[in-house]
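Here come two complexes built around chain A, the first alongside chain B, the second alongside chain C.
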Partner chain A sequence: MTREKRRKSVGLLFVLPGLITYFAWTLYPIIKSFIMSLYEWNINPNISNKFIGLENYIELFQDPKFYVAPKNTIFYTLITVPGQMIFGFLVALLLNRKMKGQTLFRLLYYLPVVTSWVIVSILFQYLFAARGGLVNFLLKDMFHIIQKDIAWLSNPKTAMIPIYTLGIWKGIGWSMLIFLAGLQGIPKQLYEAASLDGANSWQTTTKITLPLMVPTIMFELVMLTIGGFNVFLSVYVMTGGGPMGSTEVLSSYMFKEAFDYFHFGYGSAISVIFFIIVFTIAQIQRKLLAKRSFY
Partner chain B sequence: MKKALFLLVVVLISTFMLAQVKEVIFWHSYSTTSGEYKLLTEEIIPEFEKEHSNIKITEVQVPYDEMRRRLIVSTAAAQYPDVMRMDIIWVPQFADIGVLLPVDEEFPEDFQQIKDDFLPGPLATNYWNGHYYGVPLDTNTRVLLWNRKMFEESGLSAPPTNMEEFIKDIKILTKDTDGDGQIDQWGFADTGFGPWNSMPWIYSFGGQILNPTNSKAEGYVNSPESVEALKTFKDLYNQGYIAPIGGGGIGVLEGYAEGIYAMTFSGPWAESIIKGQYPDAEINYSLVPAGKGGSKSVVGGEDIVIFNSTKYKNEAWEFVKFMTSKEVQLKFATVGQMPVLNGLLDEPEIKEHPFFPVYLKQLETAVPRSPHPAWNEINDIMDSAWQNAVIGGVNPQDALDNAAYEIEEILKEYR
Partner chain C sequence: MQRKNSKKIINIIVFCILILGAIIMTFPFYYMFITSLKETGYIFTVPPQLIPKPATFQNYITVWKEADFARYFINSVTITLPAIILNVLLSTLTAYGFARYNFPGKETFFSLLIATLAVPGLLLIIPQFDIVSKIRWLMDNKITLILTGGIGGIAFNAFFLRGFFEAMPVEYEESAELDGANAWQRFIYIVFPQALPSVGALTIMSFLGIWDDYFWPSLILTSKNNWTLPIGIMTFKGQFSVQWNVLFAGTMISLAPVLVVYVLFQKYFIQSVSEGGLKL
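== the complex of A and B ==
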């Protein structure tokens, strides 16, 4: 074996564990889902599956429910991603200063991130309860913004609002942590030089901090978008896709078809479409990210 | 040498004997902290093993929320338990994908003998496509819970027994007690719009979801009686007599105990949930008010099924028969599980029970949710239809005509 070859094979050994898990847990399920989506799939392996070609996809595009789910998923992403990033950035700016209790505040903001989705979803059900919920109490009894209690979760027009709110609230901590890391990476000399030149804090934020944070912002954008598309547990727990299917998202719709109705082929077709959407968006974002020459 | 030979013989004999012991694996969702679990593991299983020295029962507890996922994974891997206590609405679905043993075909003589011992509602939940895929193990239904104190405050003395009284009482019991212009006490409350909640209304009004053979929806789910049930509910709800459903906040049973909701329908677990938080609460039970269709409620509970992959069919069946025997059923009744056999109303365990008699009486006429593999879909269609009508403003006739169409589309696939 030549030295070059040996070097390569050693390298391969190092990436092998990663590759194996990638093939077993990512690539294989994607391919398998695609195959399953062409069948009327029976989960009992003793019963043969019926090949039906693209019938699942044809049926899918005729299903009115299918159009609600991507719409809700996209709206969820469009609202929660900027929400998490804006609040996360503001909190990161605040906590980047030297101040008392800095660690405590960082911990407090990060706490929702590590709390179980199920638990916080139940908590938000209570916050947004029609009767005796904190949100209605604040809006109606404290600030008199509304006249009557709003039944947030049982009205199709408002049911997504608690889900958005939860998504933003839970994600602020993660977004803050990544921004903090980015902020700490900005050389102090830049600020010193700017202050010698007489820049005020607004100018340093917009002219130094923001441009230097662009790579971090792009990274968050990609990760949070993927996270936004994966929204599932909050919907599953808080509304179960209701009322009247108004909060159905792609993953809850797929879950229902496959695991509640045993339409595994149809469910796979949904996840294939789901995969194509997320893959396309991630590619576009990657292209934007690769072209960066921001500073 | 002699010693070694003796040892060898002992080893051989014991392996031989061990091989004779047949292990039957039993999956269930009894909570490990419950009285049912204690009874099962400390009394029922040991007793069964004593009677059948060649059978060993290995019980495996899987929490209910995980059970479905576990079963689906097991199905994909073709690794099942031998026997399982299964939610009644799953039985036709798993029977349809071909993993359950048709017990009426496998054990015809035994089955004929025990068939008539079971309450009809729970037994029907095992039936799919001409066969029985299990037998009932335990059951429940929903009855009317009424708050005596609130009734008396409104000048009412007894729970409603028919639909007219029921509707009248709901209206009387709904009030704005603090005079701020918002209703804060309701005559009736419930947890959802799905068939579990709506069936007492639909069937007591004389309506149906599917025909008796579960093959037709058109003309049943949208019959004049079914429409009337939905219309009545919708009007009461929209006029504010029924508490908002699904808004979160205080639970229905908690609200009942606190005197916010005067009536609800609930299963036998209401007692432990309410008493756990409100030890002094008084709970009053009564039959579902009778309409044109009589006093009808909905059947819940579990069946006991055998997977057709089992190596020990006969041993599994012995265990199934044991679990559904009168003695074992009565023992389970003492820890709060409702029995599935006919004619137990006079047994002391039932007669002296604070609320089983009402439930068992209700069970005589209770209707199972149509045993059909696609029940989950039908369930969701019904849920949407009721929601569309009640909160979406759709005309009840149109909502149910649409449901009939959608259910027919699904039933077609099984014809």
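== the complex of A and C ==
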């Protein structure tokens, strides 16, 4: 009995450092950001914070910028998530066979994933430069798709395109790896049986591979959607939310309010709304996931 | 025979598509690298030079010496290394405690950890900054970043490792216990070596997260002496007119350690993603 008790306290000792820091640095800040959103919060400890109830939220819903940011965030997610998944799935299908250079291909496709957002965002800003940028050179001088150089990042109509492109390009490798892991989990016998029955590769893909990949697909959907809503550095680096606020996303909008204008309460209100959106979507997707896995 | 031939053709087509894809994924990096070797006048030539001529190493010297990247590099290393060690230690201890021991409230605590996995990091940054800024000693101090890097992502890591520890055979630990090894000794000498593949994957995730972090360090490290590479890069980019060739010399310096680790330990990278993905 005493030995059992001792084991319990030893277990607590193992998890305690992790749990304490987790409570102090994750759980407490989450609660605190809800509280801060109800205040006119002051970062200077000598000035007291003023409780203003829901005023930050009321102001938020009257700010026209607040409607641009969620719109851009949603579009970004709607475009980049399927983009990453479709390309990732195709590459995974092509790579999921005995072939030379499989490891090398995997290494190359995954390279953008391990590179930091700061670096690839700067790189894409350079590639999409109006004069002498590589993208304009390819489109205009090499393939003659456009007549004139496009000022991608300084025109509100086109400024999101480089951001979408980067989002898809950087995520394909991750999506591919997850799909590969899923594909390798499908029993080989199923394919052997199907090919004995004379099924062609289109049939095996749609009738065996896709249905069995549903859990993996749903997992990617949830993770990439959360990631999409968190889009920040690519916008911050490439456009800074401009031109004329046209590329502002939720996180860059929140960042500006908090750390450029020092509206900490207001910024917290944005992040709370942000949190509610992401959390709701994740829950809905998880529900769908639970239903679908009855296959 | 015909079937064999058509299979061969398909294989060749697949191979070509894969190569085209690989070019799209990697050419931007090549382009960044060669731009870092160009002289200023050759940055935006039409058509772009694919092999820099004349090639120069001067940009690297400029960024390393004049733009102070030598200092930023050292700062990045001094923050990242201890933070990784702290992070791996805390995460493995937590995961191991959850995997092998019973204590009151265990599953409640664990589901609390899981519940916050979907919380966007940006939600936390305002209150976290508020906490740090109220303690003057923590501001503009590299130790703050070692600590915050060290305790970051523990929830995910504990979740990632717990299953791995649970799947490990318990017999070795039991026989070590009979031989008189205490819990700490068992953890260090028996468990840790067995867990090395997963710990390796964790170390790499931790390394990338801390080495590349820009946003949080830029809020904390206000004086130039303390800046890390990402802050140096962003500040250099923010100057009036961007010197792309010098800037890319800077990004190459920051990317180089990541590339080395990536190529040497690719197995662990793959593992960290596939395992983390399959479990969630």
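By definition in this document, the second predicted complex is superposed on the first by the 267 of 295 C-alpha atoms of A that agree within 3 Å, B and C clash if a C-alpha of one lies under 4 Å from a C-alpha of the other, contacts with A are read in each partner's own complex, and residues count from 1 in each chain.
Simple rule for what comes next: a contact is a pair of C-beta atoms (placed from the backbone, for glycine too) under 8 Å apart; a residue touches a chain by one contact, two chains touch by 3 or more.
Everything quoted here is computed from the prediction, not taken from an experiment.
Trainee: For the overlay on chain A, clash or fit between chain B and chain C?
Mentor: clash
Trainee: Of the partners chain B and chain C, which touch A:245 in the superposed model: first, second, both, neither?
Mentor: first
Trainee: Under the stated touch criterion, name the partner, chain B or chain C, that contacts more residues in chain A.
Mentor: Counting residues of chain A touched by each partner, the higher count goes to C.
Trainee: A:89 in the overlay: touching chain B, chain C, both, or neither? Say first, second, both or neither.
Mentor: Touch status of A:89: no partner.
Trainee: Figure out whether A:41 sits in contact with chain B (first) or chain C (second), or with both, or with neither.
Mentor: In the superposition, A:41 contacts chain C only.
Trainee: Does the superposition put A:253 against chain B (first), chain C (second), both, or neither?
Mentor: neither
Trainee: Taking the superposition as given, does A:131 touch the first partner, chain B, the second, chain C, both, or neither?
Mentor: Once the two structures are laid over each other on A, A:131 reaches both partners.
Trainee: Now for A:76: first (chain B), second (chain C), both, or neither, which partner does it touch?
Mentor: Neither chain B nor chain C is touched by A:76.
Trainee: Of the partners chain B and chain C, which touch A:66 in the superposed model: first, second, both, neither?
Mentor: So A:66 meets neither chain B nor chain C here.
Trainee: Out of 58-66, 310-318, 328-336 or 382-390, where does chain B run into chain C after the fit?
Mentor: 58-66
Trainee: Which chain A residues are contacted by chain C in one complex and by chain B in the other?
Mentor: 43, 45, 126, 129, 131-133, 259.
Trainee: Along chain B, where are the residues that touch chain A in the complex?
Mentor: 68-69, 72, 75-78, 93, 97-99, 182, 244-250, 373-374, 376-377, 380, 383-384, 387-388, 391-392
Trainee: Sort out for me which residues of chain A touch chain B in the complex.
Mentor: So the residues of chain A in touch with chain B come to 42-47, 125-126, 128-133, 148-149, 151-156, 239, 242-245, 256, 259-262.
Trainee: Within their complex, state which residues of chain A touch chain C.
Mentor: It is residues 7-15, 17-19, 21-22, 25-30, 32-33, 36, 41, 43, 45, 91, 94-95, 97, 99, 103, 105-112, 114-120, 122-124, 126-127, 129, 131-134, 137, 141, 169, 172-174, 177-178, 180-182, 185, 216, 219, 223, 226, 229-230, 232-233, 237, 251, 254-255, 258-259, 264, 267-268, 271-272, 274-275, 278-279, 282 of chain A that touch chain C.
Trainee: How about chain C: which of its residues touch chain A in the complex?
Mentor: 11, 14-15, 17-18, 21-22, 24-26, 28-29, 31-32, 35, 43-48, 90-91, 93-94, 96-98, 100-104, 106, 109, 112-113, 116, 118-131, 133-134, 148, 151-152, 154-155, 158, 183, 187, 208, 211-212, 214-215, 219, 230, 233-234, 237, 244, 247-248, 251, 254-255, 258, 262-263, 266, 269-270, 273-274, 277-278, 280
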